Amino acid sequence: MKNSLPILAVLAAIVAIWYAAVAPMNIRGALDVAERSGAEVVPPASVDRFEQPIWRLMIDNPGHVAQGYSLDRPRLPTPVQVGRELWKSTGEMALKGRAMSKRSLIYHGWITLQATLWGFALGTGLGMAGAIAIVYSRVVNMSLMPWAIISQTVPIVALAPMIIVLSSQVGIEGRTVPKAIISAYLCYFPVLVGMVKGLRSPGAAQLDLLRTYSASGLHVFLKLRLPASMPYLFTSLKIGIAAALVGTIVGELPTGAISGLGARILIGDQFGTPLAIWAALFAAAILAGGLVTFLDFAQRVTLRRMGMQA
Amino acid sequence: MNWFLFALAFWIAAWAVNAVLANSRWRNSAVVRVAIPALFGVTLIVLWEGIVRGFGVSPVILPAPSDVAQTFANSTDILWQDFRQTVLKGALSGFVIGVLAAFFTAILIDRSVFLTQGLLPIGNFVAALPIVGIAPILVSWFGFDWQSKAAVVVVMVFFPILVNTVQGLRETDAMQRDLMRTYAATYFDTLVKLRLPAALPFVFNGLKIATTLALIGAIVAEYFGSPTRGMGFRISTGVGSLSIDLVWAEIAVAAMAGTAFYGLVAWIERRATFWHPSHRQT
Amino acid sequence: MQQMAKSSVPDRSPRSSVISASNLDLTFQTNDGPVHALSGIDIDIGKGEFVSFIGPSGCGKTTFLRCIAALETPTGGQLTVNGMTPDAARRARAYGYVFQAAGLYPWRSIEKNIALPLEIMGYSKSDQDARIARVLDLVELSNFSKKYPWQLSGGMQQRASIARALAFDADILLMDEPFGALDEIVRDHLNEQLLELWARTEKTIGFVTHSIPEAVYLSTKIVVMSPRPGRITDIIESPLPAKRPLDIRDTPEFLQVAHRVREGLRAGHAYDD
């Protein structure tokens, strides 16, 4: 429990700084709203206010600063505003039985989650298969490994629009497949690298012991290399799922997306409703946190049953 | 069809050559270590060309590498302009600012165990989030030009560098810190002479991750608004206007830029951390 | 055969005493309850002495050395170094410390490693160069000054670590099982070199070891300790002459001292627990 005190203290500090930052960030918007409702604003014309620095505006109009905490389209919403928007598009809708409506973040989160899980499965599968090939074949090791590294330096986001167009040209409906491909691309490399490290982790002494038993290659793999790679695998799975989620959202951002959390961000931007963007971002963060926590739990349970962790 | 058959034959031949090289007695030489993946890469391109030409794939779906090369050669001025906007102004400046900010924040937090214990888990958590999503917000704050792209890069790059630097600074073992105590060394002495050099492998780990993130951040941010230049801008509009050749040429530039950037950092890493077991010849 | 004086009353003549402990106590609070690492330690170490501390694991010998170095804080009793508190002595840079592992910085060459304490303590560049050259010569590593630690063997790294501790002006040298990780042949050679170094530099040396022959060979005074609680079982003033070739280890006088050490160890330590 005493471990959480520093974290809570830092979180509290972040929230406090956030609250304090809302006032200067929103002062221009607040003064615009005040001007439109006929209240007195210094200086009265919005064009003149453009030139003034923020601190000047705040000092000259102390009465209107508070307005910045309840704008409809704030530059920086307060935590409460974000929370309220989040609740409106998730819990409130669920309570009304409309959890899966097109405006609900639960629906969009589910869309994103689907593509993420497909991409994660694909990426993990490819990563593990690649790792086994690299560890067992020198040709594959020398030809593939450098390209695996280079593939990560290529910004997949540049390829994303291309992949989406290509898949629709080839006749694949919807965006789940291209999103899953982009996810898999981002997630296979951490899994590959982690798995290679893990499969190669047993020392010479352990490998020699199995040779004295005349163990077959399959035995060595199943009884030594694979179990030894579990801790490494789980670490990279956690990195991989976070990367897969980023990949899905990146796949949802190019124009034309209508469903998924990335699409909500895009639509929020196009319609100029920043609160929708913030709510979708937080929903994505919660989704990411949930996925990584789940994997962490799985890691603990698996390693404990294997006796690798207390 | 002949194209495709030729490509297949090339693939098999190249694989055979690689297999021989990988098992030859020169397999550890630098020449062979570069030749094998290079041959593999060339094979991929030949296969691509063979499939596109052999099956008559429409250039709107997938152009042949030779066509892309042609477009590349013809559009170097546009490509250079976009490169300057996205990579130099957006990604690079954001990278430098983000790295410096994260580095100095890490050193500041290092002074306080309380802060380190509080910020490290939060930093780890944030580093796993899809931070690209804040691109539209930052564009609305900083405007359409390269500054908002740099801002996105700063945020994306900040947390991995922070987390890696803080972990690196914690790496020194008790014996090394005791030795410094016996010299009655100041905090500053210990930081500069012991902990920072020892942290370098971790810092470079973070830097390599940051290079890939920087490019991603700059390009994605351009999807959300950009003056009429920039790689992200060209790609998203190019797809819409079906100038697929140009899009692939931009992708090639992005690939080369990303690889070069990563390679540069990796090269500096090898020179700065020559002493680390993972780089030594032992 | 010489009579060996068993010192039951510590010699507290102030002019010679460099390190002085009186009824020293150190109890650690651990998760499994309090650990009585040091209990009632009374000892005086005079200037120029070579004192070995020997005993089984947990007897407090390393803990005592660390107390002298102000790396641990006693919970009772008195301890002075050069007439000051250990921490004041530490801040005055009164001693050099050699750990069990060489602990050289892999990013610095051997000569830069030796320069480390000199840089921190503010010696001038020319002074640094002179000192580095001198101590490298002392440990016979002059040809390796530009090499990196991982290019050297374990024994050479440990010699470099000793050189580092000798580079600055400190009258006291504290060594915690410095040769423990090395093989016996290298160890013998380094023991010889250490005695020569001691003769040349005339420092006061506190030396922790597991090895009975090493303790008897090197020291003018041997402190036998036992665990639970950590205490001194015997203090032996060595009758052996100052100049000691390696074959002194086969002489009856040597074996007598070693026998006494062994008896002291057995007395304080039951192997059943």
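List of remarks:
Each chain gets a letter, A, B and C, in the order it is written, and its residues are counted from 1.
The criterion applied here is as follows: contacts are C-beta pairs under 8 Å (C-beta built on N, C-alpha and C of every residue); 3 or more make two chains touch, one makes a residue touch a chain.
Because the structure is predicted, anything quoted here is derived from the model rather than measured.
With centres computed from CA atoms alone, B is the chain lying nearest the middle of all the protein shown.
Put simply, the chain farthest from chain A by mean CA position is C. Averaged Cα coordinates give chain A a centre that lies 56 Å from the centre of chain C. Centroid to centroid, with C-alpha atoms defining each point, chain A and chain B lie 18 Å apart.
Here the CA centre of chain B is 51 Å from the CA centre of chain C.
Chain C contributes residues 69-71, 90-93, 95-97, 99, 101, 103, 105-107, 116-117, 119-121, 148, 150 to its touches with chain B in the complex. Contacts from chain B toward chain A in the complex involve residues 15, 18-19, 21-23, 27, 32-33, 36-37, 39-41, 60-62, 114-119, 121-122, 125, 128-130, 132-137, 139-141, 211-212, 215-216, 219-220, 223-224, 231-232, 235-236, 239-240, 244, 247-248, 250-251, 254-255, 258-259, 261-263. Taken in their complex, chain A has these residues touching chain B: 3, 6-11, 14, 75, 138-139, 141-147, 150, 152-159, 161-162, 164-166, 169-170, 238-239, 242, 245-246, 249-250, 253-255, 261-262, 265-266, 268-269, 274, 277-278, 280-281, 284-285, 288-289, 292. Those residues of chain B lying in contact with chain C across their complex are 175-176, 178-185, 189, 193-194, 197, 273-277, 280, 282.
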